[in-house]
Amino acid sequence: MAQVVQNITRADQSVIDGLAECGVATVHEAQGRIGLLADYMRPIYSGARIAGSAVTILAPPCDNWMLHVAIEQLRAGDILVLGTTSPSNAGYFGDLLATSAMARGCKGLVIDAGVRDVRDLTEMGFPVWSKAVFAQGTIKETLGSVNVPVVCADALIYAGDVIVADDDGVCVVRSADAADVLAKSRAREANEAEKRARFEAGELGLDIYNMRERLAEKGLKYV
Amino acid sequence: MAQVVQNITRADQSVIDGLAECGVATVHEAQGRIGLLADYMRPIYSGARIAGSAVTILAPPCDNWMLHVAIEQLRAGDILVLGTTSPSNAGYFGDLLATSAMARGCKGLVIDAGVRDVRDLTEMGFPVWSKAVFAQGTIKETLGSVNVPVVCADALIYAGDVIVADDDGVCVVRSADAADVLAKSRAREANEAEKRARFEAGELGLDIYNMRERLAEKGLKYV
Amino acid sequence: MAQVVQNITRADQSVIDGLAECGVATVHEAQGRIGLLADYMRPIYSGARIAGSAVTILAPPCDNWMLHVAIEQLRAGDILVLGTTSPSNAGYFGDLLATSAMARGCKGLVIDAGVRDVRDLTEMGFPVWSKAVFAQGTIKETLGSVNVPVVCADALIYAGDVIVADDDGVCVVRSADAADVLAKSRAREANEAEKRARFEAGELGLDIYNMRERLAEKGLKYV
Amino acid sequence: MAQVVQNITRADQSVIDGLAECGVATVHEAQGRIGLLADYMRPIYSGARIAGSAVTILAPPCDNWMLHVAIEQLRAGDILVLGTTSPSNAGYFGDLLATSAMARGCKGLVIDAGVRDVRDLTEMGFPVWSKAVFAQGTIKETLGSVNVPVVCADALIYAGDVIVADDDGVCVVRSADAADVLAKSRAREANEAEKRARFEAGELGLDIYNMRERLAEKGLKYV
Amino acid sequence: MAQVVQNITRADQSVIDGLAECGVATVHEAQGRIGLLADYMRPIYSGARIAGSAVTILAPPCDNWMLHVAIEQLRAGDILVLGTTSPSNAGYFGDLLATSAMARGCKGLVIDAGVRDVRDLTEMGFPVWSKAVFAQGTIKETLGSVNVPVVCADALIYAGDVIVADDDGVCVVRSADAADVLAKSRAREANEAEKRARFEAGELGLDIYNMRERLAEKGLKYV
Amino acid sequence: MAQVVQNITRADQSVIDGLAECGVATVHEAQGRIGLLADYMRPIYSGARIAGSAVTILAPPCDNWMLHVAIEQLRAGDILVLGTTSPSNAGYFGDLLATSAMARGCKGLVIDAGVRDVRDLTEMGFPVWSKAVFAQGTIKETLGSVNVPVVCADALIYAGDVIVADDDGVCVVRSADAADVLAKSRAREANEAEKRARFEAGELGLDIYNMRERLAEKGLKYV
């Protein structure tokens, strides 16, 4: 059952880069409000905004062995994504693993468990979104799998999916949908820029979106 | 039942500004240790300290329609305060609504739900205290009310109440009590300045507050 | 039952300073993965890394009286450690107590409850690891004890134990073990430095730690 | 500030009894989906279904003094409702207070804190909805108020409001609205009885509520 | 995107019945410790032990429209399984829907959200495993899907998977694996029966499992 | 470091039995409101009330090996108490281990982690107080210790301490204090019986405890 899938399909790099520019909130809306990871996934430092192809890890609780296996599967631009077979807040990942991952071009980690050495990771500029910061060590006793589908923070993630992560959280986009989602995200951004200008000029959403009539129909009273 | 109350009574602006200077911990103590919102309300960035009159919103879960209605009711210096009729961590508010609110002079948002676009909000300098950061979108289907009393993070808030918010959390002061609470806050600050000097000089609270005798009476033993 | 133990055994200062340099994750590993406080203990600001001897406080819920008693027991370099007899998130500690503690050379506070005035504490450079930030005031009615063993955030802490705290959390080292743990921490650091160089050069953990054979024996398949 | 309001307006007893028969889910729907307390309020035993007029208590954290004051204000059929000024899970209430409350005809307790002696309370048939079961004792040092408005588990409750509680949780109905809400609850029950018969006969909600067309319009595809 | 998949593959009924007899803990072990839903999924009453084929529902937050759609897809012996696109504790399901589901032979509900009318459901003998008990109503505005893969309480569930649920929680078995997992579960039961007899006779696990030597090798000391 | 302490000092059996009769709330009060475990420790079924000497286990996360070691150390009347070195909700204990423990006269289990097979345990009449019910399996790879001091659910427990557990939770009494705590518990029970009779007769706590004057002094107003 324990396996490492070596060939995964990644989205086009320019598409991935475009999704990073759009950010989580826009991408999530553009693809129909799906793909968001749970809101307990928080960045270890503010300001990072990345996208990359998921190299997925299904790991036992309190056991980080599979991270070493997964790092060998990384290509430049990938993001490590770890789900567990049972909840754990142990610190699966620290500065040594980050050094190794960065040496292979890894852009960051999304982990439904704990992380440690966060001061070092911050200095190294290696962003992590995690459920916990916890120094508790892990063991290397039980196998898991790499590049199989994983549930991570309530979301189903396949290897090669595009992961977008920033201060709002983390969103997953299927690799086959990535180009389409990027196009919709760009359209959304254009639309928002126009709206932003109107809002800045003092127009109200009530008027921009023609809400007044529908509010009245539903029975809203001004007193 | 769904209604928008258009005329609300605000406290005097100089009183509001004074309360902002005093900050949450002082104001909370000065008014007799009441009015604090739950400690899960956290700022999206550190260092903001604001006060303003509450424009309140009672909103359905996962539905941000009433925010558009509320923004029209804002005057310069006001703070949006949103409670829900059922718990939700969805992202009711983002950079477009913030642009609209800022255009009307709004000073910030206190929301017993989620917020998104926090990197943009941080860059714009629009402070938010929320229960969650979550990119999940909301719908616009069900009415709520504006400027009715709302329960927000365990606290009862009336429209026009003064909201004080900083890194310690959020506190509400009834508008009719605001001047009195400011006076007590100022007195407290003066007293604390004097105490701080004595503490800096190495005096102990045991002596400054004459605690030794009462501790002995209660039975404290030194061994 | 309520008592203040006045003489406590502290570890050697140079050992304490060495442990601060090593940080929580390394110290925790070096002493056999024990002594970690629960991961809900978070710093009020990032970047602090301290170590010091514990002056322990066992306090009733919502009652901070014993903090005043404990401050008299501080020596330069000590860290205040507060556990409660029943859970509380009230704000036991603020800028006045911090001023008093700093005047006696205290390096920081570890509190299984709430803290307030965090903006002031940040400006003062007084680090705190706490369960909550909450402005809620406390009373001074019920005795507790100082320098007795306390359970703080799942860990048992004796007065004089060395507390190490940084962005990864908090770890306790028995004073009698401190020198030994420092030696092991230093050895671990040396080993990690060598490993880090190899990781930076692109070597894999699979090879550095000779994991491939054992993974195959356990049944890992590459597909 | 600390006060006991002695005269409160209660709803008609027959209305209260009717609301008890309808239960929480029906009453909550009938009054427009408002008035529900947070879902962490759980009964100490299953099967109780009560309604009564609220005698409200605003209590400090870990201090149950005001419960004694409130019991004097009880009339037969009332329900004690306790909110705190700061979160607490301490055990404010046990078998002695229950004996006293029952002697005055009290029907139950709704408490946004802890309760103890739950085995005795179960044997006595005194139902409690609480946030916690916890034996931790409380003190009697700080005043609170009785029959003032309280926030209890996210809901605003006035003295004399009708409290309805069963295995689904707790709901509050304003005393002035009680007769109207009962009428609507009864209508709802009648409607549900008719619907239940149709469901039992195998009809589908899709047909009973004419949903198929609207689902198709919104774009639902059968594959 | 919103769709109803009408043809799903179910496991053999005798296999499903066998898995129900084995229960969650045994099935979970027998299939290699995978497939468990999160431990916050609790039964509304004790003692139920069921298995059935999953009819899956992906529903928006606070919107139970798709439950009506799903009920039409039920065959006798099926279990409804609902995951949401964003967290919700609203009460999606009550006695009317249960009546409808039972009329089609449905055995129970597994819902990563709230349920209400639990006293009625208990009396009807319709078991539910849920994240919350909450009377809060839902709306019928937004489409979801039926019989698509859903993430429910951390587990990925496909339509037609076998759901096993009892007082220990909920476990999912892929339909294609069900016969094999049943065989392993039966073998496990046989082995446990033999072990149980030896334990009852006073033998120790240390001897039954030959643990003493390995414990000594690892360094366990008896003092 | 991993060790099994074989000789522990137990309190007198008649004292232990007396403490069981008094129950958690009374014992906790009688010993000065200390010794309570966290309120998240809940019984798997209602109505059990036990006391016994603690055989303590310090176990790694998700690893139940030490339970087998501990069972050999049990004497009739003992209670197993398990704390972990890092948080875990895995199911460390099920019906086979319960069979083995019961064969040695064990009265129950208190575990700061998960338990499974709860339907079987209920039928067997083996009471458990736990943090979670979860079928997730554990491994047997890492040593822990038996009969060393453990922190279990916020409380420090020594081997041989008396554990009292019922529907209110769990309380620990040092073995050396047990006789004294029993005497105080009995006195408390006698006092409560007298008070209960007065409460039943309709007397108020305000009068029984002479509270009226002190309330007035503190400033309570009746309006």
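Per-chain residue numbering starts at 1, and chain names A, B, C, D, E and F are given in the order in which the chains are listed.
In this text, contacts are C-beta pairs under 8 Å (C-beta built on N, C-alpha and C of every residue); 3 or more make two chains touch, one makes a residue touch a chain.
Please read these numbers as outputs of a predicted model, since none were measured by experiment.
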item	value
Both-way neighbours, i.e. chains that touch chain D and touch chain B	C, E
Fitting chain E to chain F on CA atoms, where both chains share a sequence, rotation angle to nearest 5 degrees	120
Fraction-based call for chain F against chain A, same above half, different below	same
Separation of mean Cα positions, chain D and chain C [Å, integer]	43
Chain A and chain C, separation of their C-alpha mean positions in angstrom	31
Residue list for chain D, restricted to those that touch at least two other chains	33, 36, 39, 86-87, 89, 136
Chain contact graph, described as a line, ring, star, complete graph or other shape	other
Chains that touch, pairwise	A-B, A-C, A-E, A-F, B-C, B-D, B-E, C-D, C-F, D-E, D-F, E-F
Of chain D, residues touching chain F in the complex	2-6, 45, 65, 67-69, 71-72, 89, 91, 94-97, 99-100, 103-104, 114, 116-119, 122, 132-137, 140, 143
Contact footprint of chain E on chain B as seen in their complex	60-62, 86-90, 134, 136, 139, 141-142
Sites on chain E touched by chain A in the complex	1, 32-34, 36, 38-39, 85-87, 149, 151, 154-156
Complex interface listing, chain F residues touching chain D	23-25, 28-29, 33, 36, 39, 42, 46-47, 49, 166-169, 171, 192, 195-196, 199-206, 209, 211, 215, 218-223
